[in-house]
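Below, each structure is written out as structure tokens.
Both complexes shown next keep chain A, but they swap its partner, so chain B is in the first and chain C is in the second.
Here is the complex of A and B:
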């Protein structure tokens, strides 16, 4: 450098000007992201227990490619690189949980790229994306590689097993062959429920074990990182509607418990639909958001072309989140009175 | 309007500066619908190219006889005439393609880009500049459709112009409508980036239909 710059103005002290409410807290994006990732840990461990080595590989590829994509795109766009805040980690983890264990390893890489680069950063980065990145990543690979993405394997329960038997998920069985076939495979209804609850069934990595997901969700609810306003109406609506319309013998003969525990419902309702960025933030809007997600899920499961509808339901409702927020915003204090005041 | 028309500028404008698809974002509906393959995109582009030259030429010739109050309906008549000519010619000489694209050929009547060039350029300029403008805009549209077609067909089907190149389908989503929007958005962003980086442009295409 040449001669010292004359009287370099001191770095001005930052005075943050913002509208209320001014709440100071120890929470930060990074803390929330890592905590949510932590809450997924039980389900992650369970999937490794059930699916073994392939599950670990899929997760590693997802996590690494998500974080590399995040760093690369932020470097290219000349933004501060924020891979340590855990949001890319969480996206990668959620994407991995939504993939079958035995997919070729380029699929998680493509999915992570689409999730991080296209869905998140091309829309402006964390906080500006319209759609849930992990779900768009999954939708992209599901539509691009329909065969590979719908070939599920049975849980092997052996770490090094690479030769798992392919099989259909319970929802596919129900859709294509009916309840009788499902009972034939799982023997009794009680056994079916038990396997669903523990996660001993074919499916995407992280969606199978209901009990582990509930454990993580309970932790998040306790920490108040998520509230019941989205997940509960979501799951309840799926239960009620599938009980009403899900049966073959007419109204009110559907199997609500089966529908509530199968597919990606628990994972989607607690970990995806509750995303701060892509969901509504007004409480009543959140309830409506959950109900709509549930209704769309049942519609797709029972009448649509896909056996599972949680992903598409959440993505569709993501579009409506700003509208719901606007429509159900609580009245501004003082405004209602102002209307009546005569000038 | 003026006598000293710069043909170079007109051509550059049609192909790059105001490329109908990537910069003006007009006629996106057919651009997504027909570009699942290079061949369809190319033929659609040729049809539009032809229609635009003829419409711009006709409008320019008649510009002093059309009452400004009824100019838009008059342009529509002229466009519809030339689209009908294109439609019948294609039906007669390219039956296979026509079966797939017949619907979209008729839709050229409603293309915003054709009407907007008639209104913005041909109605104010002499015959030759108008024809050059139509050709440049048509060429810009054609190139855009071919670029999209190459991108989508190669990624979606692993083939080009119907000839199989790869033995797999790398990204099936690209030949579906969803992929059309993906491809369009990515390409638009890429071209804006090039414009800003190398030509000092401000970037940014408008919304259209």
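Here is the complex of A and C:
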């Protein structure tokens, strides 16, 4: 075999040197945020269909003020501006989903400010916030403007729905006047379930249409952006506990289906409690987190001062997420076996 | 075949990067040109470097020892070509620094050193004699770990070995050198395994192969047909299935304790290439002077498998594979998950070089990393069941001790966590840094 005679020339080309791995899958923070936002599209469209122009305005104000707040605070803190990563957009959208359609437009603006500036950036920005920004934004405006925030309108299915009639949400009806009154309004159980499922009821923008929310959730589950570990135990716990304790005629007479479909449960369980940053990331911890959220939700709904408990339940559990992660991490490969080995 | 049932035995975690093996898997290995100048590092293994036993100007023959061991965990180094020693000194090494090496200029004759002992009746040799041959032949783990093989073959008495596993998983994307070796030299691998089993007095041998190489499974099964004590074992296609602990879990269903070695659970794992090298050493008396090397990636014009001499410069092999493409941007020694990128293409092939991967510009990830969004993907991916996200957060802030409490030392730097991280966080880089810092503090 003949040997190449000449010296090897030094390679003039600049090669990139870095520590591996040298390949990466196709996911990125921005892709995840925008995809989750996209998964809310069906529910968004449905809310526009039901509530018309006011819904669009609330959403626009939320989105714009969230993104402007983020850019402004990052500019002031001299940090790189990251509004293209979709996380502020998603926070704005989720906040909008949690507001009634007919609120004065300073409410979404204030809510967005509290969500982005106080809850997210004053805690260190993306990844460092303890509480779900959209939920804190909503809690803040709910407490600051209790009257406005609990005045819901009937779905009108008209574009210019400025004159929509105000009405109580199904959960309020149940809490204050009982199941009989609820049935009077919706006529039959089947009609009640159907309206809840489709979204033809008073409520916050995004929480009304169960079917549209499930559509988006199914997509996220399929893409594995979220897993069942939080939402399933969350919703199941609400179902079981409200069936056990939610009825007027004693144990096991509650209406589980009603409780699972009403309020912000579906929205909260699939889109808010699954927030990566503010929930646990260890799978077993997520299950416990979901169960706890469900139990707290029912406790607030049945015994608390508010008709709906999803928001406070998730916020409360947000505090415990890091603790759950620490307490429930799975044993390291070979750690149990290591005890028996002499070194 | 009964064994296919076991393709589902695996470990928890892991990732599925694109295999990209089709670039070179179907190409039979060709002998690379003998290098005009072979740069042979004196350290090609984990452990004590060897000491040069040649001087400048000395004529050497192929297979002649040029570096002698200086400790127990060490392996001698041999000339891979015949010619003259023209330099002794520090030369670029694929570990990313200049390390002592012997440079030999070829005389074009490629002659073996005299006195190599062929032995058709090697079956009559005692385990001790066999082990001596393995040591003298300079054989190390050829999957990339480069741990001196003879050390693994002499476990302490209180740790009896009952299983030998040959690693033919080749779970790193792109690489096909073990795959080709299994197709082209199956009998040598099986005979090498038998020698290993004889040395260790073991009755159970396995050859673990990822199920994405059905032809290798078939070929190896045929080669092992006459040996009921050897089983070919397809394992699930998942990175890092070929990591020692993961392979032992999948095949022997034993969990190597954290911080312990395979021998603590009675297992010795060797790469298929190592087995082949052992056979060659025992049967023909030839030390380790060449190996299979895959040169691949979309940054080389014709990806190929080579049988290359130790000491062959990367650039030569790349040129024999058609050369770099216009947009070639990164050259990696080894696979894309755990391999090391190179800035100098004069670095030589060493005993642990399974491949040279060249990535074009558009395949090089140059995203800046962002904050951890606590998505938990890394936790799901980690084969050691660590919490890589926390390791990252602690190390980023310089809290190495905290990282240690969260099992930093159990991380074997497989890269699965970084591979899946949407924020592109460089966990492996941080882990390496933290381990270094902690070691510094200890001293």
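In this section, the second predicted complex is superposed on the first by the 312 of 343 C-alpha atoms of A that agree within 3 Å, B and C clash if a C-alpha of one lies under 4 Å from a C-alpha of the other, contacts with A are read in each partner's own complex, and residues count from 1 in each chain.
Keep in mind that, in the parts below, a contact is a pair of C-beta atoms (placed from the backbone, for glycine too) under 8 Å apart; a residue touches a chain by one contact, two chains touch by 3 or more.
Keep in mind that this is a model prediction, so the values were computed, not measured.
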Quiz item: Looking at the overlay, what does A:222 touch: chain B (first), chain C (second), both, or neither?
Solution: neither
Exercise. Report for A:146: first if it touches chain B alone, second if chain C alone, otherwise both or neither.
Key: first
Quiz item: Is A:28 contacted by the first partner chain B, the second partner chain C, both or neither?
Solution: second
Exercise. See if chain A has more residues touched by chain B or by chain C, and give me that chain.
Key: C
Exercise. Would you mind listing the overlap between the chain B footprint and the chain C footprint on chain A?
Key: none
Quiz item: Along chain B, where are the residues that touch chain A in the complex?
Solution: 171-174, 176, 178, 182, 186, 189
Quiz item: Mind pulling up the chain A residues that touch chain C in the complex?
Solution: 1-11, 13, 15-25, 27-29, 31-32, 82, 85, 125-128, 276-277, 279, 281-283, 325, 329-335, 337-341, 343
Self-check item: Parts of chain A lying in touch with chain B, wherever the complex brings them together
Solution: 110, 118, 122, 140, 143-146
Quiz item: What residues on chain C touch chain A, complex-wise?
Solution: 11, 15, 17-18, 31, 33-37, 96, 106, 108, 110, 173, 245, 255-260, 264, 313, 315-316, 324, 328-332, 336-346, 357, 359, 363-367, 370-377, 379-380, 383-387, 389, 407, 410, 415, 418-420, 422-424, 426, 428-429, 432
